[in-house]
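The structure under discussion is supplied below as structure tokens; questions concerning it will follow.
Read from first to last, the chains carry the letters A, B, C, D, E, F and G; within each, the first residue is number 1.
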Amino acid sequence: MAASYDRAITVFSPDGHLFQVEYAIEAVKRGSSVVGVRAADMLVVGVERRATAKLQDPRTIRKIVKVDAHLTLAFAGLTADARVLIDKARLEAQSYRLTCEDAPSLEYMARFIARTQQKYTQRGGMRPFGVSCMLAGFGTDGQPQLYQTDPAGTHSAWKANAIGGKSSKNMREFLEKNYPTEGGLDEAAAVKLCIKTLLEVVDSGAKNMEICLIRRDTPVETMSDTDMAAVVAQIEAEAEEAKKASAGSSMETS
Amino acid sequence: MAASYDRAITVFSPDGHLFQVEYAIEAVKRGSSVVGVRAADMLVVGVERRATAKLQDPRTIRKIVKVDAHLTLAFAGLTADARVLIDKARLEAQSYRLTCEDAPSLEYMARFIARTQQKYTQRGGMRPFGVSCMLAGFGTDGQPQLYQTDPAGTHSAWKANAIGGKSSKNMREFLEKNYPTEGGLDEAAAVKLCIKTLLEVVDSGAKNMEICLIRRDTPVETMSDTDMAAVVAQIEAEAEEAKKASAGSSMETS
Amino acid sequence: MAASYDRAITVFSPDGHLFQVEYAIEAVKRGSSVVGVRAADMLVVGVERRATAKLQDPRTIRKIVKVDAHLTLAFAGLTADARVLIDKARLEAQSYRLTCEDAPSLEYMARFIARTQQKYTQRGGMRPFGVSCMLAGFGTDGQPQLYQTDPAGTHSAWKANAIGGKSSKNMREFLEKNYPTEGGLDEAAAVKLCIKTLLEVVDSGAKNMEICLIRRDTPVETMSDTDMAAVVAQIEAEAEEAKKASAGSSMETS
Amino acid sequence: MAASYDRAITVFSPDGHLFQVEYAIEAVKRGSSVVGVRAADMLVVGVERRATAKLQDPRTIRKIVKVDAHLTLAFAGLTADARVLIDKARLEAQSYRLTCEDAPSLEYMARFIARTQQKYTQRGGMRPFGVSCMLAGFGTDGQPQLYQTDPAGTHSAWKANAIGGKSSKNMREFLEKNYPTEGGLDEAAAVKLCIKTLLEVVDSGAKNMEICLIRRDTPVETMSDTDMAAVVAQIEAEAEEAKKASAGSSMETS
Amino acid sequence: MAASYDRAITVFSPDGHLFQVEYAIEAVKRGSSVVGVRAADMLVVGVERRATAKLQDPRTIRKIVKVDAHLTLAFAGLTADARVLIDKARLEAQSYRLTCEDAPSLEYMARFIARTQQKYTQRGGMRPFGVSCMLAGFGTDGQPQLYQTDPAGTHSAWKANAIGGKSSKNMREFLEKNYPTEGGLDEAAAVKLCIKTLLEVVDSGAKNMEICLIRRDTPVETMSDTDMAAVVAQIEAEAEEAKKASAGSSMETS
Amino acid sequence: MAASYDRAITVFSPDGHLFQVEYAIEAVKRGSSVVGVRAADMLVVGVERRATAKLQDPRTIRKIVKVDAHLTLAFAGLTADARVLIDKARLEAQSYRLTCEDAPSLEYMARFIARTQQKYTQRGGMRPFGVSCMLAGFGTDGQPQLYQTDPAGTHSAWKANAIGGKSSKNMREFLEKNYPTEGGLDEAAAVKLCIKTLLEVVDSGAKNMEICLIRRDTPVETMSDTDMAAVVAQIEAEAEEAKKASAGSSMETS
Amino acid sequence: MAASYDRAITVFSPDGHLFQVEYAIEAVKRGSSVVGVRAADMLVVGVERRATAKLQDPRTIRKIVKVDAHLTLAFAGLTADARVLIDKARLEAQSYRLTCEDAPSLEYMARFIARTQQKYTQRGGMRPFGVSCMLAGFGTDGQPQLYQTDPAGTHSAWKANAIGGKSSKNMREFLEKNYPTEGGLDEAAAVKLCIKTLLEVVDSGAKNMEICLIRRDTPVETMSDTDMAAVVAQIEAEAEEAKKASAGSSMETS
């Protein structure tokens, strides 16, 4: 059995699957969770800070990094793979700037990262990248944009999405239920939604999260622990309230 | 068993099959459906919008894209593979324009895409593209043309055709029964035939479809939901009518 | 078992067989039939039009194509492979014209196509072409010539021959029985022989055939359906006649 | 079974693991231990001197080496692999100095070493480096920095960490318990913590250790055996004291 | 079992065999027979015309071809392989003429062909040529020479030899018994010996043979069917005579 | 079973071993023994002359060779591999001299040989060198130096060491017991220790040994058989003496 | 089982063997025998003429060939491999002469041939040469020299040696017993020893041998059958004599 995947280049199985790509997606699921939420004029990206050793400098294992002036990237999956992919993206961005004397658009970079990932699924002598990326930035029209790439090399844009971890599907469903169908979100609501979604998988509250606020023409802001704790507290209060209300209403109806 | 396909380059089986190509065709069948219909002076291309997540920006996962000024491409199969193939096609089209100071003909581009796909079935160290393409545009004589390519690298021209999905064969048969043997179709009839064919696989009507109208010297028009809904309604009304008529006629004959 | 062919480069089996080549010949047998007949001063090439979908443009899946001004090629086997081989042949012909300021001879081109096919049977990292070719044209002496190539990369010249399909051997034997041992054929007789041979495998008569007439210094003529139908009718009439005659003579002798 | 890892390039297993990388990490565990501790204005790096043959020149099997003027590297794992990786790092540092007319930052070098290690996990025809590295030096802001890389190609910064050996996890936990959460360490405390941690795995005290003191703008100092013995003695004395105290206190409380 | 030869590069078996080479020799045995006989001042080369289809142009499947002005080559084994090898030899001969302004010697060309064949037995990613060659021509001293090469890449000179077919060993023994140990052969005797040897494997007499007469400074002559038939008749007459004589003598002795 | 190592590139086993390297070390163990001893101002290198055929010229199978003016190398393992490695070292030394206009240091050359050996353990399509080397020479400070490399590509310096043969570990322990911990050795003592160590594995005394004396600024001297025999005699006399003494002392004590 | 050697690159087995090299040595054992004997001022090289077909030109299958003006080479093993190796050696010799304006020394050429053979045992995608070589010539000091190379790529010098055939070990032992330990051999004695050794494996006496006499500044002389027969007769006479003498002496003693 082992023999079948351990020497493989990425090829089709009889029913049209690319197993190496699917196994790489498993590697992403083994990574920590990333949540991205697009507000009306900014973006919130949050990550689960899982298994950070007490003495480790959290800055060097950050899962949210700057790729170019206007492009913030969060990843789920193999850190070493992600760093290589990020370096390739940074190089491409710089090279684009030199050639075109302009910053590459967010979509251009999403497309570049996805194409790079796809290449590693079709040629022999390589394995796919064990990484999914969440890209946040602003379009040429100044609107906030949120892109995702996966190990297959697909990219797509989202209002809000979650990648990485065993529960990314649940988190995406949670986002779907709670993202307003009309009118979008203001910054506070986006932050709250992002944290609420992360709390689905993160046990110990604000301690194990990192939240970045990406606003136009402003350096990316990493939320302080205090601010995160405040939002968490508010969320918990509201949950308690809702429970009481529900208990009360159930009493009322009984 | 697993050992036999998981490490393979694409080679012949004893009865002359190329399994990697056939497995790639399975990947196309796992994709969503695409329908193309050639009218007298325009083309209609419709795709099934399957499994679009609620918060996903539908624009970035479009299965109908512009390859060159006069060439619209819809694909079925692996999105990441398709994007790479489309990028190759776009590059070839631009390079052709630079070299020949003219746009490449639709047939030239169909031939290029097919040749690229074939190459990935004959050389080692690669897997085939898990993609079939539907190409719509106008010939050098100004007539509408509809081409198809498949993972084997074959290309062919059609009056109307369906690719992708488990039911593409049924859809093709449906098109054969309903495409007029003489005289062709006007735009309205082509749109109706395209939508009717898609309704064979799409349950929830206009919501899960995307229809593009490709007219000469005009930007490609994506049909509005309202317009699609109207056509769907009309189709349903006619079906009801036909049922009644059939019931009536069966009563009459009894 | 599967393991033995699915990863193979083309190598010898213990009894001196090249299995990948033999499997590629199976792919040719899975293709449709091609018949070539050399008349005194022209050539007839006929192909079975198998499985053409009703809405498919027959021109784009033609199995008889022009390679160079004086070289018509019909193929049996994998269409995508054939197209790549034809493109290589076309490029070689053009390159020959540029270098030598003359058209390449038919034999030169047959040799080139065969050599290309052989190369894919001897080097690793490739599979053989799943294609046999029938080449029709005129020699440097102005005489009509008919060449064949196969997946092994052998080429040979024929008065008449059949390739492709499960019954190509039967068709060749039919040609051997009916080709005059002396004096050759005129155009009408060659057309009749070609169609008669194809009728051995084609059920529905002229509908599923395509016949090309290759004459010197004249564009290749594709026979009209009417003309084909007339020849088919004549063949059937003669067969009926022969049956009656045979019945009569058997009565006479009884 | 053997077949599954013995010919492998590094690919994903069905549950998203990269076995070759995990096996390389086993090779690191088979190596001797390395401990790094960051003090307020300097760094202490200690290694276990395991299995040094009596007649071997300890200088040539040193596990603590200088990579560049400001970069000290200690490694755990395969010595031959480490030397190659170190040579690559030295070359990169020199090349950086030539190109940029400045020393590369510690982070730049950590990133370079990690990227090099990652490359060997993703391409075919190579195996990963069986090495983890501890990098000690000073940042562009003059602050002491401690980096770690592993066979996967991940790099991260630490206040204190342990790599190599079967007990690296225990040693890390020991460091976490004993590193002050506030205020940092002075040089003496850092040395003591480093030696104390190594004593968790090293039986025969100072004899089998090597301790380097990395101070700004000063050549790296290797601690003398006498100095090490003194610290070990002090540690043992304190342990004895603590035991007595504990016995006393337990007596008192009883 | 199949697995052991089907993917192989040519390597040694435990008892020092090169199986791919031995299998290629089997491919030669599956080919038709070739006989070469050296007369005092000329050479006779005969081949079995096996399985020539009735409508096939015998010229294009000739197994006796001209490689250079003074070099005639007959081959046994895979036709497609032989043609490629012959093309390589022709190119080398032309290139030699250009460089050295002289024709290459027969031995030089035999050496070149053998070296080319050997190369395909030692490098990976290739299979051996499934071909043995018989080379006939004149040495620099004007004497007739007969060389043989085989799939291993060995070349050797002979007075007379047979290659190809299941009975090549028997034919060689026949030649050994009938080639005069002293004084050589004149042309008529050489032709007779060649045909007699071929008759050991060819059933239907002159019809299935092709005999070439290679004389100095004269174009190669292919024997006419009439001439061959005459020799066959003479041989049969002599055999009959011998039988009678033997019967007579046996009667006499009885 | 055989399948697991016979096709391998060098990769990690699940517990972090590199089997090809360990198998290469077995090849070294199958070779003959080499002993090196560093005296105060010179070096002694001795090898076991095993299995020298009676008619073989011992010079051409010497296991002690000159690599550069100041570098003597003795090897254990595969002779053919060693010669290639030595040629690479010689080339590097010459190239260094040309580029740097100075002799390479002994450490530089040890590092070069080790790096070359490591490269063959990490890349595909190669096997490790089946060789360990003992390098003797003088450092830039004029002090004698003794280096060792192994198939893994590790290099290290020693006061005295033994490589090759089944008993190299025992010989190293013998050296450890007999090398003075203080003050070093003079030339006579070093020669005696070297020969004594070799006698642990060599049965027939001086006949099967080769001893080289490496002194500064002097050509390497190969000890004559007579001189070796004298030392052996002395060693045996001393052993006899010791035995007697021990017997005497045991008698005395009894 | 077959799978283990049939696809192999040359790698180490667990006990340090290189199987492909050992299998190649088997191929040498399957070849015919070669004996070389060094006399005081000349050399004798003899080979077994095994299996020479009656009509084969013995010159073209000679196993003793001239590589350079002063270098005679005899080989055992695969003829095709040997020819390629010889061509490489000849090219090197010519190239050396062009570059250095001097003939390469015999040792240089032995080293070159051995290095070439080793290379084919260490790199992937190749198999070892199935050849051992005996090189005879004169050193720069004018003394006769005899070198041997084997498939592993080892070279060594000999007073006399035998390679090839199943009995090469016996022949070497025979040489050891009969080569004078003191004083060397004159030409007649060397010839006699060479033939006597070959007679150990060759049944039919002088007929199946080829003996070359290599003298300084003289073309190599191939011994005539008459001369060889004379030596064989003398050897047999002496053997008979010895038998009688032995019988006589045994009678005397009885």
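Here is the rule we use: a contact is a pair of C-beta atoms (placed from the backbone, for glycine too) under 8 Å apart; a residue touches a chain by one contact, two chains touch by 3 or more.
A quick note: this is a predicted structure, and the numbers were derived from the prediction, not measured.
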Inquiry  = If I superpose chain D onto chain F using their CA atoms, what angle of rotation comes out, to the nearest 5 degrees?
reply    = 50
Message = If more than half of the interface residue numbers appear on both sides, call it same; otherwise different. Which is it for chain F and chain G?
response = different
Cα-centroid distance, chain A relative to chain C, in whole angstrom = 58
Ask   = Once you find the CA centre of chain C and the CA centre of chain F, what distance in Å lies between them?
value = 72
Request  = Indicate the residues of chain F shared as contacts by at least two other chains.
outcome  = 3, 5, 7-9, 19, 124-125
Remark   = Among line, ring, star, complete and other, the chain touch graph is ring
Query = What is the order of the chains around the ring when you begin with chain A and head toward chain B?
reply = A, B, C, E, G, F, D
Note = In their shared complex, chain B is touched by residues of chain C numbered 2-3, 5-9, 19-20, 23-30, 53-57, 59-61, 78-81, 83-84, 87, 120, 124-130
Key: Of all residues in chain C, those that touch chain E in their complex   = 1, 3-5, 7-19, 107, 111, 114-115, 117-119, 121-125, 147, 150, 152-161, 172, 175-176, 179
